[in-house]
Amino acid sequence: MKVGFIGLGSMGAGMSRNLIEAGHDLIVYNRTRSRAEEMQSLGARVADTVSEAAVGVEALITMLADDRAVQDVIFDPGRAIESLSERAVHISMSTISVDLSRRLAKAHAEKHQNYVAAPVFGRPEAAAAARLYILSAGPSEAIKKCRSLFAAMGQRTFMISEDASAANLIKLSGNFLTTAVIESLAEGFALVRKAGVDPQKFLEVLTESMFSAPVYKTYGAMIAADKFQPAGFKLPLGFKDNRLLQAAAEEASVPMPMVSLMHDRFVAALAQGLGDADWSAIARVAYKSAGL
Amino acid sequence: MKVGFIGLGSMGAGMSRNLIEAGHDLIVYNRTRSRAEEMQSLGARVADTVSEAAVGVEALITMLADDRAVQDVIFDPGRAIESLSERAVHISMSTISVDLSRRLAKAHAEKHQNYVAAPVFGRPEAAAAARLYILSAGPSEAIKKCRSLFAAMGQRTFMISEDASAANLIKLSGNFLTTAVIESLAEGFALVRKAGVDPQKFLEVLTESMFSAPVYKTYGAMIAADKFQPAGFKLPLGFKDNRLLQAAAEEASVPMPMVSLMHDRFVAALAQGLGDADWSAIARVAYKSAGL
Amino acid sequence: MKVGFIGLGSMGAGMSRNLIEAGHDLIVYNRTRSRAEEMQSLGARVADTVSEAAVGVEALITMLADDRAVQDVIFDPGRAIESLSERAVHISMSTISVDLSRRLAKAHAEKHQNYVAAPVFGRPEAAAAARLYILSAGPSEAIKKCRSLFAAMGQRTFMISEDASAANLIKLSGNFLTTAVIESLAEGFALVRKAGVDPQKFLEVLTESMFSAPVYKTYGAMIAADKFQPAGFKLPLGFKDNRLLQAAAEEASVPMPMVSLMHDRFVAALAQGLGDADWSAIARVAYKSAGL
Amino acid sequence: MKVGFIGLGSMGAGMSRNLIEAGHDLIVYNRTRSRAEEMQSLGARVADTVSEAAVGVEALITMLADDRAVQDVIFDPGRAIESLSERAVHISMSTISVDLSRRLAKAHAEKHQNYVAAPVFGRPEAAAAARLYILSAGPSEAIKKCRSLFAAMGQRTFMISEDASAANLIKLSGNFLTTAVIESLAEGFALVRKAGVDPQKFLEVLTESMFSAPVYKTYGAMIAADKFQPAGFKLPLGFKDNRLLQAAAEEASVPMPMVSLMHDRFVAALAQGLGDADWSAIARVAYKSAGL
């Protein structure tokens, strides 16, 4: 399948590599061109402009940092939406807002293009290993066409709804579940440490009994060790996703006090200079407020 | 081993049965005598008084509802602490406060008795199936003597600390991690439902991808279905444990805002008449406040 | 002084009237023209377009509902910033975001126009009675020129800073102080009512002892009576201001948990259908969650 | 009137002095005897024991630090309840729990003694100047007998209810309103300071416009100056009152999220070593979490 791929960050790099290996014909674009050129040796063509990556492809995948990046690439003058053919499909895999997803659906429909939201669960290692969980939503006909692409990138694809933005909502909600785990661990470890109990013992008891899920192991280990570098997922990105969820909740008139609590924690973490750390460094806020 | 067992509720019934089956010599006491008599057919002797269950045993196990019940049984005039032999061990398996655990440790030490805290993770089914996780703490010599008992009741025993109350602290912290999962699911489902996304689809995506741990499945299903009967663990008990954790956190000067949030949720749930429901019914509070 | 005045809502009507009475030469603009025509009989000229209200005036006052309205009026093609003379001053009295205030300062400076932020404390009655408190900030030379205008509209003008946006920040913070009073009263009355104490007695004790300030009397009376109509200040406006404060706090990396709590209350109030009520109707959320 | 007075702390000293000056016949007791002896020169008799202060008096006033102190004095073997005559009245002016107030009402009734709850609003200066606000509740006949005493100590006495504990509930609620003001100021000043606005200017604008009430002036000044010594009301006492309110709210099933937030702030303040500061030092927690 002829595929344009925009965004070769730590996630996009692995995903595009897997598409190439599965035999798809890729044309890649990245703002920092050198990352695109690495793909050339694997058989991808390198686009000089966003437009070039969109012209003539059957599917255009975007995997970018945030709403602004996606808007720039799709809507700016001379950008993808002008170059994409009718009936081609834009597969938006970035973690973006529910609102932008809705606007994209509308804009592509007006151009007689297809739009599928397909955000993912999984960290860069999972992207590299084609082990992502893909949350797809949009017109079912369009999703069907993307099947071979999803199969090349993930271990499982969920079909969520005809309404594309539902996938984005679920993606953001999933990230929130993870922040709730992080914060609950943070408070628990703060208490246990201050009460003089060995945090490694606490970690062992949790992760080898009821809380053996990876999320407890991954973040529990960082929090127990009070060590948040290197960052698997940077704190400002976690904050961004929390804000996108708040915006969706506000629009739907759903009070989410735990989301608000996470908001405060992220802000405090940034105020305390943790912008380069892993998002689980919100535990430092709990530690500090406990006088640790 | 000659064992006294006090408290034959939904947890204690399964635990004592497993001890008998493992060949231990049990004398059981329960406030409602009929539950004790059921054990008689399995080979246990029935004590008429608490004191009788404590006289001459090597180990006395308590598995009761709350601090007050444990205090009554141990400290009231004519109660267990007067009857227990020197060098016998009181194994306190109830979910009690850190503070009471400390007072028990001190009181037993003064009587030259041993005290081991051994609260458990696991619901009644796990108790019946001898699949509990046992969190033991106290003098290591005393814990060693209890090994065969723990092996008969649980799938794994952790040795946490020489300080008995550390086990109670970890038990309470573990319950808190579960409430955090429940609340995060509650808010997520409220959002998803109000945004018009099928809650069963949301449940499927979560539990078949990143959130496959049992805690997400068990509570996710109840919350998705908005059905909180029959109660596996009653809401007032969850509230009690949250309060015990707050007391421990306050004593250790550890601010735990998520624990405070759970406090508010439990109070609201009781105000809204959910005292007989499963503790995951705090999701109803989220639903209601979202106008669902 | 020759003054353009844009926005004749419940606040702007009184303010512009007071300017006319003080002898200033007003040209007024309002989207709904009929409200502007009422001013005609008092001696104001009516502008057909925003631009007309800005051409040739020494000062242009905007008193509009929100950021969007101010942006439309100032920045849209053919709007005020194009028509305003060099050295004229735009006095922005609306409750707008810190961010927009900054952008206005910059944009006017580029046009060699002056910009003064002058948001106010006070409700429509105070506007009508020229009893507003005016929070002015911006270049001191420009503020000086506005003195006679401020004197005609308010009982006191504060000079806050050379940085215009500081006035907006203080205005938003002041509104937040009021929401905190409302919420604390709401929780207090919920408790007192549920404990069977007469809410009117509680109101009397508070407002005739330590809490005699108008804010406690005004909102206390509404909350005690559980009656939030007619709305002095509508709930969605209070919510908007809270959001603007959150945005400012986020930008400055200041965690404000009480502001987050108010956010949740406003969202819940809207979810529960209180969009037409006074902002103190967030007390209904407290009442409902207490089962009242 | 013949009056026993127990508790000559910073509040009780001024109150008892005013009673003496009004011509009442006082017998005073204080744990630290020297403080009682100071009263001797003014005409009071000094009791060697609690019991001595209760025997034969028409009214016994207690003004003590907390529940425990009141319980000790009233209920301990050989204490006041045994010595007080039938028909004498115990006037409990300390800030105690709703629950203890109820138990006192019951215990005194069983002894055919009267019980009036009469907690106060006002700091030591107000006590010295006989400017307290007195919140009385209990049997109206009993309250009537106390009128001349109240008149000697306060500027105004409110009659709240026949149910004595209602006065304690209102007293605790009033203190909570003050903590809400403190926290809202704390967050506001944190924001304003971090945004580079002069906190003294912010203080001036607030207290000379809408927020001129004493509570804003007193605490605003301390928070603006970031100076919390000397302590007018110590932080642990504020924390205690917040806890008593939480207990009352829990019993009445009223969720009070702002009270929970204050709880977290007090715990954090203690964790950060602010136990000797004025309770408004919870602002330090806000400052620190904002990186100030």
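All chains are identified by letter, namely A, B, C and D, in their written order; residue positions are counted from 1 within each chain.
Heads up, the rule we're going with is that contacts are C-beta pairs under 8 Å (C-beta built on N, C-alpha and C of every residue); 3 or more make two chains touch, one makes a residue touch a chain.
This structure is a prediction, so every number in the text was calculated from the model and none was measured.
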| item | value |
| --- | --- |
| Far-end chain from chain A, centres as C-alpha averages | D |
| Selected interface, C-D versus B-D, where C-beta contact pairs are more numerous | C-D |
| Between chain C and chain B, distance of the C-alpha-averaged centres to the nearest whole Å | 53 |
| Distance between the centres, which are taken as Cα means, of chain D and chain B, whole angstrom | 39 |
| Where chain C and chain D are represented by their mean Cα positions, the distance between them in whole Å | 38 |
| Residues of chain B engaged with two or more neighbouring chains | 194, 249, 253-257, 261, 264, 268, 271, 289-291 |
| Interface residues, chain A side, partner chain B - complex | 98, 121-122, 133, 135, 156, 158, 160-161, 163, 166, 169-170, 173-174, 176-178, 180-181, 183-185, 187-188, 190-192, 194-198, 201-202, 204-206, 208-216, 245, 248-249, 252-259, 261, 264, 286, 289-291 |
| Chain B to chain C touching residues, read off their complex | 194, 257, 268, 271-273, 285, 288-291 |
| Partner chain D, residues of chain B touching it in the complex | 249-250, 253-257, 260-261, 263-265, 267-268, 270-271 |
